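Let me begin by handing over the structure; questions about it come next.
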Amino acid sequence: MGMKVGLGMDVGLIGLGRMGRGMAASLVRAGHGVRVWNRSPGAADGLAGVTPVASAAEAFAGDAAITMLADDAALRGVIVEGGLLDGDRRPGLHLSMSTISVALAQDLAAIHARAGVPYIAAPVFGRPDVAEAGALNIVAAGDPEAIARAQPLLDAMGTRTWGFGPEPHRANAVKLAGNFMLIAAIEAMGEAAALAEGHGVTGADLLDLLTSTLFASPVYKNYGGLIAARRYEPPGFNLKLGAKDVGLVLSAAGAAGVPMPFASVLRDNLIEAIGHGDADKDLAALAEVARRRGRPA
Amino acid sequence: MGMKVGLGMDVGLIGLGRMGRGMAASLVRAGHGVRVWNRSPGAADGLAGVTPVASAAEAFAGDAAITMLADDAALRGVIVEGGLLDGDRRPGLHLSMSTISVALAQDLAAIHARAGVPYIAAPVFGRPDVAEAGALNIVAAGDPEAIARAQPLLDAMGTRTWGFGPEPHRANAVKLAGNFMLIAAIEAMGEAAALAEGHGVTGADLLDLLTSTLFASPVYKNYGGLIAARRYEPPGFNLKLGAKDVGLVLSAAGAAGVPMPFASVLRDNLIEAIGHGDADKDLAALAEVARRRGRPA
Amino acid sequence: MGMKVGLGMDVGLIGLGRMGRGMAASLVRAGHGVRVWNRSPGAADGLAGVTPVASAAEAFAGDAAITMLADDAALRGVIVEGGLLDGDRRPGLHLSMSTISVALAQDLAAIHARAGVPYIAAPVFGRPDVAEAGALNIVAAGDPEAIARAQPLLDAMGTRTWGFGPEPHRANAVKLAGNFMLIAAIEAMGEAAALAEGHGVTGADLLDLLTSTLFASPVYKNYGGLIAARRYEPPGFNLKLGAKDVGLVLSAAGAAGVPMPFASVLRDNLIEAIGHGDADKDLAALAEVARRRGRPA
Amino acid sequence: MGMKVGLGMDVGLIGLGRMGRGMAASLVRAGHGVRVWNRSPGAADGLAGVTPVASAAEAFAGDAAITMLADDAALRGVIVEGGLLDGDRRPGLHLSMSTISVALAQDLAAIHARAGVPYIAAPVFGRPDVAEAGALNIVAAGDPEAIARAQPLLDAMGTRTWGFGPEPHRANAVKLAGNFMLIAAIEAMGEAAALAEGHGVTGADLLDLLTSTLFASPVYKNYGGLIAARRYEPPGFNLKLGAKDVGLVLSAAGAAGVPMPFASVLRDNLIEAIGHGDADKDLAALAEVARRRGRPA
């Protein structure tokens, strides 16, 4: 992720949430010119080296436009309802990095094809600090030629780009499958901890053992640590967003005709967690559902 | 795990399945004297350095007796119905390493206490090759003095002993919680792969990405590789045994008053897998259930 | 449901599917004047006493307009996107009888309030033959004065009107709760039949006993008979529509913060049934999922 | 169920719980001679016309012995561990009416065959008041000749005997399938009520509508009324016994290779209900789980 000089690209970045800010920093560090736009003003404050622009249309231009928005509605609102594809100064390609539904990805691919703007789906795995370090895992799918052109940007933001072929929506299916596995891992730890506690073993001791051995991977260590400590605030990734993602998983599964009983359990348990006040806590708080159901507080 | 000389212990090992054989080899290599007994004769063939004995009672003697049997019925049959605790030459301690129910562990602890034989529950994580390498993770609970005496044996068989206090059954609860998490991980990979495949991504490509990144842990890499290749034979740990373990998990959960909806899904799906002929395949074949349900063969 | 004379109302009926046709016949028999419109032409063929009109706007007029459409999209398409509420000849009230989402019901109530057209939600329980006999159970919610005006129409179509207060969407929540219970009953019969068959008892013998005794109600007798006979064609109410309704149930439950694990199981099993080719069979074919999962075909 | 005179049979009845007492009264009323035995003394107090005997062996004699005990352990304890089949005065047949596991029914059939005592499984549907009225629905399976001899007894206790062939355990599978459907109906009503309440409709209003129309059957009216009133004490049939029955259902399903996802949900929810203090309330209290999960108390 070393500093590059000279041949930087002209990029517009739409969406300066915590992930988008980290990605912007990585792009700047790699020598790219980065125009930024965010719906709510002031989002670029403190972000060195970027050029805030006054409209989404000004960002949706140049060698490439990158979008990193919260959900389907936000992305659809900016791109489709905002009429960006009808503009004069459309970008050389659109790198769509938000976690969105497979259905919207399919719609956007068709709409961009009609507008003549190459559309690459490139959702990512990694938290904001990983984005800032330029160390994301990026799942990319779309026209190979466009991906090749976007590669310097992908390299600036990520450790590795995992290619999933020419159909953009497949990258979104992969992202959703990964998020599903992550949330399922939290649920499994929650149930395992409740079982252990029911027999006098602390969840912390159980998870220390398992996440040091069989399950010694980033997801288990990170979330296992939070569950062991029952430390759910401040949230890294909040539970409400996790519930949204499980909704996208179930929609994608329904469209593909795939029953996913684990995802259905996750849906019900996330609803319970939200109903009990944990919407804005870390997703790890899902683990509390098994504890609560096991015994009254 | 280097060779020890001189101060080896006198150990009797009951149960020479694949795990028991590996453990026997590790004990011999560490310099312990190992009498072995197995219900079906010939089980010790090719096992260097051990002393086969003609009865379980002859093995249940010496400094320590180790049991490594297939299930509750086998262990109860040998120890309780076999009347071993009424014998003259009872061992200095009983290291009970089988994966058994929490309920049986509680019964055995009480029975051993009455008989005056220290009872240590010490179930393990690791496959037969890990047992043979003396690299198991051992979960031990029981009287601390007895565990201290057993430590040379535990060190011979394992990389690390994880202590869970003086009540033996807690080690069994931990072992079951771990096996639950493992089987849940397989189910999650199976559902994720079916989802991806429903959108044109191969399960192999999906799992290669995820088990190299967020889920880069032994369990995910091992089982993920089998699922990706759809290679379920020969079995490392067969699906029928996995179903037995989920039964033990649900019993332990019921006894503790803990709902475990993921475990319930696993139970149903393992029943389906067995009904469709996969009982003797590797546990990884559980992943086929999601594929089969998604679309007809 | 006797013939009325003289004081019939002037009604427009939009939607002439099997239910809509039955309702139209009941209205005509009761002496009401019935203009009808359906998106696809020819839907009124063979329907005595009605007056086909050329546009939805011509039907959406008079003393009352009744809508009986297939789903949210159809109703939204006609009323909202079709701009009917902006017309000159708006009806005295809108009796909205389709099975739709709670969310759309809430939207429509708000939209009608702004347009000054009283909006009554009045979904029904009963199959087409029951609609034709004027013997539906009608669940009505909305402004009491408007419901009072609509009562002659409700009496023509139904045996009884069950009032659920002034907020229209509550009637839709009740309708969805009822459909959920109906589909859950089918699943329960399917699992029970599979259990019995696994022990050598035919599902037909089991269901004959239970639906003659503890479960001697219309839903169980009707669907139990179909399941017993494994007779799923022609469909009375097809499985695909049942899957749609479970989707609406889950959406309503999510909005209200209510986990519904039975509904989640129904969702997964309906997806499996559709994947195995049963979308256009009777909803009773859901019972085949348990049989299929139990043993390979 | 009129009074019979003259040709009454000589019957021994083991088990005087609420159901057993009701059955004894019906037998006496029909003119049979009824010796009774119960483990705890005094159980026959106030029961007119019966002859208390001092041991189970004295009851297990005569033309027929009837057992009506709480569970597998009680029945196995009396018959097998009590050695009744080795006695001199064995009965002409054993009418086994308890709700027990399919597995125990199979064991008992084999044991009785060896002992030369005809064994009829004859579990019943109906509450204690129905037993007292002689109006049970009896599910009978076993040797046809023995059932024919028992018919006067069955006629005294029940409105109708439903025959399920010569293999006794099939009657037990049918009884369990019926109890499963009953408990599933309660869960469905509980989820439906929670959904309705989430949208402002009382569960009472919802269930009044549905149990008067589509679901107008004894089970729904009875349990629907309790759920609507949230009246769970005193219990008719307590929740703990329902949990026991679901355990038997799942065991029977596992043995037959049948996944039963609804039964799995019931298991988890009954565990939650018990954990929250409802073990000794009426089974209808299962409906509170959905309410509790939906929103915090």
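Think of it as A, B, C and D in the order they're written, each chain with its own count starting at 1.
What we mean here is this: a contact is a pair of C-beta atoms (placed from the backbone, for glycine too) under 8 Å apart; a residue touches a chain by one contact, two chains touch by 3 or more.
Here is each chain with its UniProt name: A, B, C, D = 3-hydroxyisobutyrate dehydrogenase-like beta-hydroxyacid dehydrogenase.
Computed from a predicted structure; not experimentally measured.
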Of B-C and A-B, whichever chain pair has more C-beta contact pairs: A-B
Over-half contact-pair match to A-D, picked out of the listed pairs B-D, B-C or A-C: B-C
Separation of mean Cα positions, chain C and chain A [Å, integer]: 39
Distance between the centres, which are taken as Cα means, of chain B and chain A, whole angstrom: 38
Centre-of-Cα separation between chain C and chain B, whole angstrom: 54
Multi-partner residues of chain C (each touching 2 or more other chains): 253, 257-261, 265, 268-269, 272, 275, 293-295
Touch list for chain A against partner chain B, complex: 102, 125, 137, 139, 162, 164-165, 167, 169-170, 173-174, 176-178, 180-182, 184-185, 187-189, 191-196, 198-201, 205-206, 209-210, 213-220, 249, 252-253, 255-263, 265, 268-269, 290, 293-295
Complex interface listing, chain B residues touching chain D: 247, 250, 253-254, 257-261, 264-265, 267-269, 271-272, 274-275
Contact set on chain A toward chain D in their complex: 261, 268, 271-272, 275-277, 293-296
